[in-house]
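Submitted below is the structure of interest, expressed as structure tokens.
Order as written gives the chain letters A, B, C and D; numbering starts at 1 within each chain.
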Amino acid sequence: MEAVLFSPDILMPIVMARLLRNGETVFHGVASPLPMVAILLAKALRAPDLIYLNITGSTDPTPAALPRSTVDPALFAGTRSRVTLADLFDLSARGKLDTAFLSGVQIDRAGNINMSLIPGPDGDPHHPKVRLPGGAGSAAIMPTAKRTLLWRTKHDPRVFVERVAFRTTGGNVDRVVTPLCVFRRVAGLLQVETIHPGVTPAQLQAATGWPLSVSASTPRTPEPSEAELAALDAVDPQRARLIEF
Amino acid sequence: MRNKLTSLSEAIARVPDNAVVALGGNTLHRSPTAAVHELIRQRKRGLNLVKTAGAYDVDILCGAGVASAVSAGFVGYENVFGMAPLYRRAVEQGLVRACEHTCYSVIAGLRAATQGVPFMPVNAFSLSDVPLAQGYKQVADPYSGAEVFAVPAIQPEVAIVHVHEADAEGNARIYGTLFEDVLMVTAAKHVILTAEHIVDGSTFAAQPELTTIAGFMVTHVVHAPRGAHPCSCHGLYDMDMGYLGDFYAQAQTADSFEAFLREHVLDAAYHEMAQDVEREADTLEWSEAALGDVSHRAR
Amino acid sequence: MRNKLTSLSEAIARVPDNAVVALGGNTLHRSPTAAVHELIRQRKRGLNLVKTAGAYDVDILCGAGVASAVSAGFVGYENVFGMAPLYRRAVEQGLVRACEHTCYSVIAGLRAATQGVPFMPVNAFSLSDVPLAQGYKQVADPYSGAEVFAVPAIQPEVAIVHVHEADAEGNARIYGTLFEDVLMVTAAKHVILTAEHIVDGSTFAAQPELTTIAGFMVTHVVHAPRGAHPCSCHGLYDMDMGYLGDFYAQAQTADSFEAFLREHVLDAAYHEMAQDVEREADTLEWSEAALGDVSHRAR
Amino acid sequence: MEAVLFSPDILMPIVMARLLRNGETVFHGVASPLPMVAILLAKALRAPDLIYLNITGSTDPTPAALPRSTVDPALFAGTRSRVTLADLFDLSARGKLDTAFLSGVQIDRAGNINMSLIPGPDGDPHHPKVRLPGGAGSAAIMPTAKRTLLWRTKHDPRVFVERVAFRTTGGNVDRVVTPLCVFRRVAGLLQVETIHPGVTPAQLQAATGWPLSVSASTPRTPEPSEAELAALDAVDPQRARLIEF
């Protein structure tokens, strides 16, 4: 009774959208096509009063077409007001941001992320082996937002590590959505909540850098409904989200 | 009212080597690219670049040897291309110091400079290795004793900001996203505006609420049509994907990057470029849908 | 988008006794007077009023027994009338605590609340007896050791701000001077807007840059035409010198003030007043010269 | 050779205007009709590039008529930009405000001002004998502006005291303009710089709460010129400034 397989570019935004709640404030930052699609999808499906915030300072934009960059002026279209990025950080800092989408080059078992660097032999952060882009707003948002949803389109043991090489930030991580599963953070550690259709526990364990509690009885991620699939097509007809894959 | 209009080369000539320089815009949007290219042509050295999230601007300044430090939350091309190759190589080779921030701590440092205080408390970094790596210290609230991170003031010697419209005094309008530009203007000792359009400032009086940069805070005003290219400028032009794609490909090796730099920056003086693009700009239709009901358009 | 429109009495009913309440506007300009009168009618008690510079609003709330503390830089009628008689008497009699600030430290306290930090360093008070009198403490910059005054966060339970235009979600525009109103909105736990005009918010999308209060920060929206009267409202109406003169004269003694309060506040429910002034407001011509080229006018 | 007498409502704004310099940033706050007039006068006479800042957030306003309140929307007219009061305080705090006009209910020999309170018998500032309006922005502006110009339309020993009963603030006081004289702060103390036409040294001493160095040889305040008088009439034809007297 193996399910029909859904490609991650379809399944991931749908799963991410399911995690969002009507009426809450939801923010994504740079380099976040999947959150952009997921938020618009949630608003279209069943969270019309969700408040969509992003770096452009718009609220609830109505982009004509979804951009490659998630800082693009396209995400300012349709807004009725203008705030600044500083205003959005302030919102999180004072405890009023409900949900933030963030990601990491590395994500560890405790839900910490690394966006900063891979240290070199001397361990000096100013002589890194690999300089990564930096955490953008994550070291401010992740500890202060009421909850953080992580996502990453690549699930392998180099991404999902026992412990990050440098902790750009930890914080209030709730769920992590990957092409293979949904993690939920319980008692400070990521646990597999559901395995996506078509993924075996062995595949998932092989792709993850720490020992998982998974078995044939681990719940399956519910398949996308017809309504979800149709809404995804309507929200992102050009498949802008494919830029992440 | 003082006339602060000057050429791009004269304005950039005022930027000293080894200065802290804030760059407006964010990632590939409304970067002050014309000024960035001029910094390269004038062979500035040792700049400490300040930006919440940089891309082409920070990357090319690192590749061209202009920057020796970058204070930023993020440097990269998002999903458009990926990591910033020139920045990354320069940091990994020890040529550029990555002063890692979260975007919010860049804002906090600029706020401290704006407000004339030595540091700004910031609710960030509580679960991060960044403070230890960068030497950010905590301070105790004198009332509750609670510890909070203190970000040292970031006072740019110069802020360079690209705007849609400016008058000769430096009153200026930015349509769409402001990014951190107004904060950079208030924090910096000197402010260079590059503007798509130079307008008669008396027309601003009909809607002063739209003019978020006050002229008295500005040092130099430069007419720079398409001055953000290849980055986007809200309502006027989108990212130039062809140019950026060529750049990104050529940035992968030192030799091909040198060739790119020569062709597109060193051998392309902006005053010549400007004349070309100015003619082009004259024919540009402002995008009404994106800019909204802009009452006063230049030229 | 949520519809947050409610009656004035319902909105003000949410203000708890003993709350810290920030009032928008400054001196005799764009004070949220309709809401202030409703606070009196609902016999609120123990409020700690926050304002940079107050006049009629702070004075009458002190006289009516609503306020028990005032955190402000200035309370008075400038040269228009002089000192604030009700505030002054209440403080001198020990009924109201004057928490003296400089206007800038009110701003600093609101900034701290906005930014989620317990205090804000402020370059002020260095040669002042105010810190000792009020218990403001210094804090050492952890980098240089330099001492700077720290203002404790001021987080209003409610901010009440009077605006020109609001939509049902709380997106709002203020023409002319902003005063500290946007900062009060960000600092407060709950936000009540009173608005001269309720507009279809979709019209704001043509010039979002003018909408400086974002709806998601707002709790209640109240339609209150002439809601700043007797204070001015930029572009719409000037101070009502006749009303203010009568008030100031009657405020000189407790008995005559009681009579004023009864006639103009307690026995004048706003929903009735509102209907009258609403008819009047319908006939108001917006002042184009003062408001500038306002694209979208209500009603 | 006693000079023609000029009423203080004519002399004071003219003297205040003379103290202003072309190109500098000049700020006044609440309750400041004379500074409002003096700034406009200086701009009209010989400081066209003076930058006039005030609480309304305007720059270089062109009021149709001068208002009673110096926070009035009339002072927003003609501005090309909008800043906030917070922006202006910030400007001073970071050392970029050239000149501020301030006043005091009491002004003492060291140039300190009291706008706060007259203490009662127990000395507790929360049980004052007289509660004054408060210093508005002065405790922020006066210590940080490059220079402060004080003015007061009343000159008597209750205003000009040896020592203020409560120091709302001290700061970078340069000059104090009164109906009788101009003080200049030298080595931390106010010294008489010029005596106004028609005022005798004895009158000035009697009106001042500390011993002055004045004599017949103390310089006279130069009389208003024809150009100054004409410009004053042009700037304030309705004599809005009389509200201060």
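To be clear about the criterion, a residue touches a chain if its C-beta (ideal position, glycine included) is under 8 Å from a C-beta of that chain, and two chains touch if they have at least 3 such contacts.
Predicted model, so just to flag it, every value in this text is computed and none were measured.
**Student:** Using the touch definition from the top, how many steps at minimum link chain A to chain D?
**Tutor:** Shortest path length, in steps: 2.
**Student:** Most remote chain relative to chain A, going by C-alpha centroids?
**Tutor:** With centres defined by C-alpha atoms, farthest from chain A sits D.
**Student:** Return the chain pair with more inter-chain C-beta contacts, choosing between A-B and B-D.
**Tutor:** Spelling it out, more C-beta pairs touch across A-B than across the other pair.
**Student:** Could you please state the distance in Å, as a whole number, between where the Cα atoms of chain A are centred and where those of chain B are centred?
**Tutor:** It comes to 28 Å between the two C-alpha centres.
**Student:** Centroid from C-alpha atoms only, then distance chain A to chain C, rounded to Å. What do you get?
**Tutor:** 40
**Student:** With chain centres taken as the means of their Cα atoms, state the distance from chain B to chain C in Å.
**Tutor:** Whole-Å distance between the two chain centres: 37.
**Student:** Note the residues in chain C that touch 2 or more other chains, in rising order.
**Tutor:** 115-117, 122-123, 176, 205, 208-209, 212
**Student:** Mind pulling the chain D residues that touch 2 or more other chains?
**Tutor:** Residue numbers touching two or more other chains: 58, 76, 82, 93-94, 144.
**Student:** Hey, how would you classify the chain contact layout here, line, ring, star, complete or other?
**Tutor:** other
**Student:** So, with touch as defined above, which chain pairs make the list?
**Tutor:** A-B, A-C, B-C, B-D, C-D
**Student:** Within the complex, which stretch of chain B touches chain D?
**Tutor:** The contact residues of chain B facing chain D are 1-2, 113-117, 167, 169, 171, 186, 201-202, 204-205, 208-209, 211-216.
**Student:** For the complex, which residues does chain A have touching chain B?
**Tutor:** 30-31, 33, 55-58, 68-73, 76-77, 82, 84-86, 89, 93-94, 112, 115-117, 125-144, 166-171, 243-244
**Student:** Show me the residue ranges of chain B that touch chain C in the complex, using the header's touch definition.
**Tutor:** My answer: residues 112, 115-123, 137-144, 146, 148, 150, 152, 175-176, 205-210, 212, 292-295.
**Student:** For a test of understanding, state which residues of chain A touch chain C in their complex under the given definition.
**Tutor:** 23, 25, 48-49, 51, 53, 58-60, 76, 78-83, 87, 90-95, 144
**Student:** Along chain C, where are the residues that touch chain D in the complex?
**Tutor:** Touching chain D: residues 26-29, 52-53, 72-76, 78-80, 83-84, 87-88, 91-92, 94, 97-98, 100-105, 107, 111, 122-130, 133-134, 176-180, 182-183, 232, 234-235, 238-239, 289-290 of chain C.
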